[in-house]
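First chain written, first letter: the chains are A, B, C, D, E and F, and each begins at residue 1.
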C-alpha cells in the first residue's frame, strides 16, 4: 500500500466482526467499513469517519480522547434504519479511517497531524463528507485549517452548537478547547460574521467574550431564544443566512450544548442546556443542507458518562446528521 | 390451604411490616396486602399484583429479574393519594400474589408457569385487574396466551408503549424479549391489526420489521408524531380505534420507551424517547378505559439504575394506571 | 474583632484563592467575598450568603449538611455574567459569612443557633438579602422565626417551590424537614393563607395534609397546572396575590421540586417534577420582585448526586435568583 | 399480646419468606426467626438480634441507620454451616426482635429507648445472647448502661475492636459516636481498666486521647502489635486478662477497624487497618469465651459500600462470633 | 475455508489492531493472534483461547457472558514479559478462536455447542492447551464432557479453585453454575476422588454438600488450611496426589475464590477468600505441571467490577498459568 | 512581597479555615500552614509542600492533576499524632506553598516551571525537606533536574517505589510519565547505578526495559523478593547501599506500586502489587534516613478512586514519611 495517503493515522484500534450469518437487521458496525489492509476504492465512499483522540488541550481535565472508541463500541446498538424519517443510512457508503496518531507530550505536533489528516482527506477523496469524532474542541481549528489549506478559494462558514462562544484568547492558554473560533478568526481562516453559534446560555460566557463576538460580527442564538422560537426555525434561519455568504458550512457540535440531565459526560456539562431531541433535529436539518460538507462532534468524556447516555447521544447525533445527508440525494 | 390456586407462585420474598401505629399518611406498602398463610376472599380484591422475575430470555444481558423486588422496595416511598388528580388509590383493594417460580436453566418451563399463573388468576378471580411486574418482554406473550386460554372467545387487543415493535423472528432467537408481539400474531392469539404500539423512534427497528408490521396491519405511532400531536391525543385515538374491534385491551409498558435521561435502567435505553410525564399521562388514560383489563411493566433492570430513577418511574407508572382505574368506578 | 456579630458561625471551611492575575472572565468564587479576619463594612454589601449544614433533622437519611461546601466548590465553574439576560451579577456586592455551628447531638440547640444567625443578619445589616444554603427544610422554620423576631411588625409570606406541603405534624416527629410550614403556622409566625406552594405532584402528599392545607387557607399549585399554564404565569400570579397581603416574601426552594432526571440528589427525588429550566425562570421572577427579601435552598444531598447535576442546579438556582435581584436596581 | 415486653421496638421492616419447599441448604434468613404476631417462648432462644438504626449521633455524616436492614438483606446469601470450622449455627435458636424506634429529631429520647430495649432483653430472657446491629457507636454506651441497670452487681468489661479509642469528651459533642467508652467510664458504668481496645493505628487518635486512656488504665493494642504477634495471641491474652477481673465481657466491633480496602463502608474507614480474616478470627475467639455475653456491630454505612463488601463482612463477623458461641455448648 | 472446524463459533467480536510500528514492548493483544479469514496452520499453535459467553445458567443474575470481551479489552494493558519469573510468554504461539455461539432462549442447545467446541479443539489440534474464558461455571461440565468424548480412554482429574463445592443437585436446578462437578460425577465423566477443590471457606457450602463430597471421595482444602500451610504447599500436594491417578488434569478457576476485596466482580464474591497473590501462585504451579492440559476461568461479571480489578485479575490469572506453561518447555 | 521567590506558583486553590476554638486534637489541615499574603520566615520551616498538578504528560489518560487538591481535602481527616509510633508530626513546622502554574497546551513550558519551582525551594530555604504532590511521574525528572541545578556538586540517588522501571525511551514519547528515570540517566543528572526501584512485578515491564536497566546498572527488587524477605529488610538494604555512593537520596513513590485492591486510583493500577502496610513501612524507613532529603508522590488519579481509599493512602504515605523524618531529630 505504498500510495496510502494516511501516514498520520492508526487503524481503528478495534475492529468489529461482521456476522457472516444473513441477518435482517443491519447494525451500524456492520454497515460502516473499516480501513484495512487493502486500499479502498475511495470513489465508492460517501462518508469518511475519523477519530481525533486529543484531549490534552482541554482547559479542564478530559478523557475525550477515549470518545472515538466509545462511539465505535456504542454504535453496535444502533441499526441503519431511521424509522421516524423512513430513511436507511445503508444507502450511503461509509468507511472508518481510524484515529490520528497522538504524541504523548507534544500537543503542537499532534495538532499538525490533525490538520494534515484533513488535508489528506480533501486531496484523496474530496467528494466524501468527513465526520470527525473528537477529542476536544481545539481540533476544530486544525480541521478547518486543513480544509482551507486544500480549498483556499472557498469561503468557509461555521454552524456551531455549543454552550460556549469558544472565543477565548490564545495568548493566555494556547490553542486549547476554549479558543478554536478565535483562532480561526485571528488566522483569517474564517470571518467572524461567517460563524453562527446556537445554544449559548447561563453563566458560562463572560461579558468580554460577548463583546468580542459582537465586535467581530459573530452570530449567536441563546437557548432562551431557541425555546421561544423552536430549534427548527432557528437552525433554518441560520443556514439560510450562512448559505448566502459562504461556499462551505462546517458543522461543529460541542456535546456540552446538551443539558447535563441529557448528557453528564461533557467535561463542562451544565443545567439549562438543549435536549437531545432538539439537538437531533438541529443536526438533521444541517445534514439536509447541501453546503454543509463536514461535521465534528467534540468534548464528550466517556469516563464521566452515566448509563452511556452521553455516548449514545453522540452516536445518535452522528446518525441524525447522516439521516439529513441521505435526504440530499 | 388445600385449594390454593397458585402452586406455581412463591410468596413475595420480602414482606413489609405494617406500622401498627395510627398514621395519617397511608403508604403503598401498607395499602397493598400480601398473600399469606390464610386464604384471601378473592371476591374482595380489585387488583392482583404478580411478579414475573424472568430475564434469562433477554437478548442483551438483563437483571430485570430483580425488578419485582426493587419495585416492592421502592413503593414504600409512595403514598396512596394522588394530589394532582385528587384520587385515593386506597379505594381499591389490592393484593400482591408474589412471584412466578423460576427454573434456573429451563426457560421453556418457566414460560409455561407464567402462562399458568395468568390462567389461575383468570379462573379464580376473573373480576380483578392483574398487574404484572416483569421480567423481560417475553413474558407478555405467555401472559396473553394464558388470558386467551381462559377467555378463548374474547378478541384481545394490545396497547404497547415501547421503543421497539417486538416483532423479531422466533425462528432465530426463540421466545425472547424481542419477539412477543410476533409470537402472539403467529400463534393467532392476537391479530396484528389489534395491536397499537406507541413510542417507536430512532434507529432501533429495522426496515424489515417495519415491513412485517405493515404486512400484518400492526398500528404504530412514532415519537415524532407523539411530539407533534401530544400524548393525550395519540392514546385517546388508539384506544378509540381498538375499542371498536376488540373485547379486551391488554396494556404492556416496556420501560425502554422512556428516554435514557429519564430511565437509564432499561437494558435497551436510548436517547430520543418519551418523558415520564408523557408516560404517566398515557397509562392513566389507559387505566380510565373500561376495556383495559390487564397491564404489565417490563424490561427494567435495577442494576443499571441511577439514583433509583428508573424503579421509581416504574412504580409511578403502575400507580398512574391505577389512578385511571379509580376513575372508572 | 470584639464587636463581631456572629459568635454562632464558623468561617467557610474552605476559602478559594483569588487569582491575582488579571482575568477577563470573573468567576463566582472570585466575586463572592469571604468573611475574614477584618470586619467588613456591612453597609457595602447587597447579599449575604450563609451555610446551614444541618440535616440530622431529616426524616430520611440525608447528607444535605454537605451541601454548602458542595455549592462553594461548584460555583467556581460559573461566571458572573448571565448571557441570556445580559446581566452581570458583579454589580451586586456579596459576602459568604460561613456556616452556622452545629452541635453533634443536640438538634434543638442547633436550631436555636440558626434562628440567632438570622437575628444577627437582620440586626447588623438589615438592608442585605440573605441567601441560605441548607441543610434540610427544617431550617426554614428557624430562619423565618429569626426574621420575625427582629421584624415583629412585618407580615411575612412564603413562596415555596416544593414537591411537598411540609405540613406534617410536629407532635409525631418534632421540628423535622417535613414540618416547617406547619411549625410556622402553629406558632403564628406566618398565616396559612400567606403561603403559596408551587410544584406539588404525584403520590407524595397525603389526603390529610391536603385537608390541613385547605383548612388553613394554604395556597398551592400542582405541576399539572404549572404545565398547563406555564411557570411564568403561575409565579407571576402567586407573587401578585402575596404582595397584596404581606410585607415580606420569603422564597424557599426545596430542591426535590425538580424531577429526579434533573436532580437525583434530593433525598426525596421523584419523577414527575419540575425541569431546571422552569425552576430557574421561577426564581428569577421571584428575584425581580421587591418584596422578596430572602431565599433559601434546601434538601440537596451531594452524596446522592450524579455527575454534579444537582449541585450545579442548586448554584444556578441561586444565581438565577440574583439575576432577578439585579433587575430591581 | 398484652404482656409484650417491647413497646420501644418496631418489627423488622422486612420479613423474608421462608421457602416451604424442602431445601438441603438452610440459609441464614430461613434460620433466624422473626418476631411476629404470636408471643415467642422466650426460653427457647439462645440469641436475640436487635437493630439499632441510629446514626444522627455521628460526628461525620453517616447512614449507618440503614445497616440493620442491609444486614438482613445480605444474610440471605449466607448459609448456617461453617465449613472451615465444621459448625452448624442452626444448632442455636435465634430470633430477630426488630428495630428500636427512632425519634426524628430527639436523639436523647432515642438513646433512652435503646437503653430500655436492653433492659427489656435482660429482664425477659436474660439467658440469651443479645446481638445488636448499629447504628453508630454511641449506642454502645446506652446498651451497656441498660445491661448495668439490670445487672447492677456485675462488673462489666469491654473488648473493643476499633481504629479509635472512642474516648472523646462529651462536654464538646454530647453522647456521640466518638464518646461511648468515656461516657461509660465517667458514669462509673465500666472502669477504664476493664476496657481493652484492639486495632488502633495510624493518625486517628490524638495524643490527648492516649493520655486519657493511660490515666484511666484503658488497655489497648495497636495494629503494629497485632501484626507482630498475631491476632489470635492478642485476643486470647486480652480475654485472659479481662476474665480475671470482670463478670461479663461485652464485645463491641466498630467496623472501621477494618482496612479501607476490605471495608470502604465505614464513615471513618482508613488504610492501615485490620483484614477481614483477622477480624473473623478475633470475634470467633471472643464467641468461644463463656464470659462474652453480648456483642454489637457498629459504624457501617451501606451507602458508602462498594460491591456489598462491607455489609457482607458485617454479616460474616456476626456469624463468626456465633460460630464461637456454638463451640461453648 | 470449507474445512473450517468451528461452525459453532463466532469470530472474536472485536479485533485489536496490531501496531505496525516497531515497538519494544509487545502487548498481549499484539501477541495473541485472532482467528481470521485464512485458515491457520493449527500445528503452529501452543495455546487456543476460547470465549464461552454463557451466564443464563447462573443461579444468581450474572453478566459473566460479557467477560470474554472484557478480558480481551483488559489484556491490552499487559505485556508478554513476566519480570518476576523472567519468562516471556511470546515464546508460546497463541490464537483466539472467538466465542461459542449462544442461543437466546435455549440453554440446553448452547450447552451442546460448548461441548462440540471442545470436541473440535481436541480433534483438530489436540496438541494445544485450550484456555476457556467463561461464562459461568456450568460450562466446565460441558467442556470436560467434550474432552472425554474425544479422549474416552483418559482418566480425567480436576483441580478446582473455588469458594464452593459446585456439587448441588441437578434435579433441582438443572445444569446450572452450582452443579458442574456433580454433573460430571453423576455422568461418570470424572470420579469424585479425582477432584480436588481448593479455597472453600465460610458459610457458603451446606453440610449436605460436604456429606456428598465425603461420600464421593471429593478432596478439598479450606482457606483455613491454605493459610496455615501456604498455597504453594497445598497446590503441590494436590497435583502430586492427582498425577498418580489420572491422565489429564483440568484446571478450573472460579473467580469467586478470591476475597471480595480483591475481586468484587464475582456474582458470589465473599469476604474470607484467597488473595490474588495466592491465586497467581497456584495457577502458575498448575501451569508448570505437564498433566495440566486445559484451563478455564469462570464466574466473573464485569458489570459488578470496581476499577477493573476483577477483570485485570482474571487476565493476570490466565497469564500466570501460561508463565507456568512456558516453564514446561 | 516584592522579593517573593515563587512567581511560578499559584497559592493553594483552597485554604482551610483553622478552628479558632481550642481543640485537643490537632488535624493535619490545622497544622500545615498555607502560604499567604505575608512573607513567611523561611528559616522556621522544616517541610515545604508543593502541588504539581500536571498530568497531560501521561501515556494513559489521567486526572492526577487533581491529586494535590484531593490530598488537601483528605488530610482534614488525619490528626498529627501517630499512635503506633508515638510521634507527633506537629513537632515539625510545615508550609503548603501551593501549586506550580500550568500551561494549558505547552507541556514543555510547564516542565520548566516545575524545575524552576525546585530551584527556588533549594535557593530560598535549602534546609527544608520538599514534599511534592503530583501530577504524573514525568515531574520527577524535572524536580531532580532542579535540585541538581542548585546542588551541582551533589551525587543524587533515587529510591523509587513503583510497579514500573520508568525507563521508556524519550525518543518515542517525549518526557512522559514512563520516562523520568531514563531522562535523568541520559541527561547525566543521575547515574543508573544510583537508582533502586522496589516493587516491580507482573507483566508490566518489557524485556527490553529490563535489559536497559541491567546495562545501566539500575538496581531493582521485585515484589516476589519483597514478599520473601520483607519490606523492612529490602528498604534497609537499599538505603544502606545507596548511602555509600550518593550525597542525597530522592524518594519517589508512584502510587501504582500499590495493589489495585488497595489503590484502584492509579491510572496503571494492577493486581499483584504492594499492600498499604508495606508502603507505609517503606516510606517511614526512608524518612528516618538522614540522606533522604526530598519526596514526591505521583500518579494518583482521584477520579478513579473508590471510597477515597487511594487518596487517603497517598496522605498516609506522606505522613508516614514525615513520621520517619521526626525520628531523625
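Keep in mind that, in the parts below, a residue touches a chain if its C-beta (ideal position, glycine included) is under 8 Å from a C-beta of that chain, and two chains touch if they have at least 3 such contacts.
Source: prediction; values computed, not measured.
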Output for shared partners of chain B and chain D reads C, E
Check the residue numbers that chain D and chain F use where they touch, and answer same if over half are used by both copies, otherwise different.
different
Tell me which has more C-beta contacts between its two chains, C-F or A-F.
A-F
Listed chain pair E-F, C-F or A-B that repeats interface B-D [over half of contact pairs the same by residue number]:
C-F
Using mean Cα positions as chain centres, tell me which chain lies farthest from chain B.
F
Which chain maximises the distance between its CA centroid and that of chain C?
E
Measuring centre to centre with CA averages, how many angstrom lie between chain C and chain D?
40
Using CA atom averages as chain centres, what separation in Å is found between chain A and chain D?
58
Rounded to a whole Å, what is the gap between the Cα centroids of chain A and chain E?
44
Indicate the residues of chain D shared as contacts by at least two other chains.
261, 306
How would one label the connectivity among the chains shown: line, ring, star, complete, or other?
other
Judged by the touch rule stated earlier, which pairs of chains are there in contact?
A-B, A-C, A-E, A-F, B-C, B-D, B-E, C-D, C-F, D-E, D-F, E-F
Show which residues of chain B lie in contact with chain C when the two form their complex.
24-26, 28, 77-84, 88-89, 261-262, 276-277, 280, 306-309, 312-313, 316, 319
Of chain A, residues touching chain C in the complex
169, 200-210, 222-224, 227, 259-261, 264-265, 268-272, 304, 306
Taking the complex as given, what residues does chain D use to touch chain C?
55-59, 61, 63, 65-66, 103-108, 138, 173-176, 303
Note which residues of chain A are touching chain E in the complex, please.
10-17, 19, 98
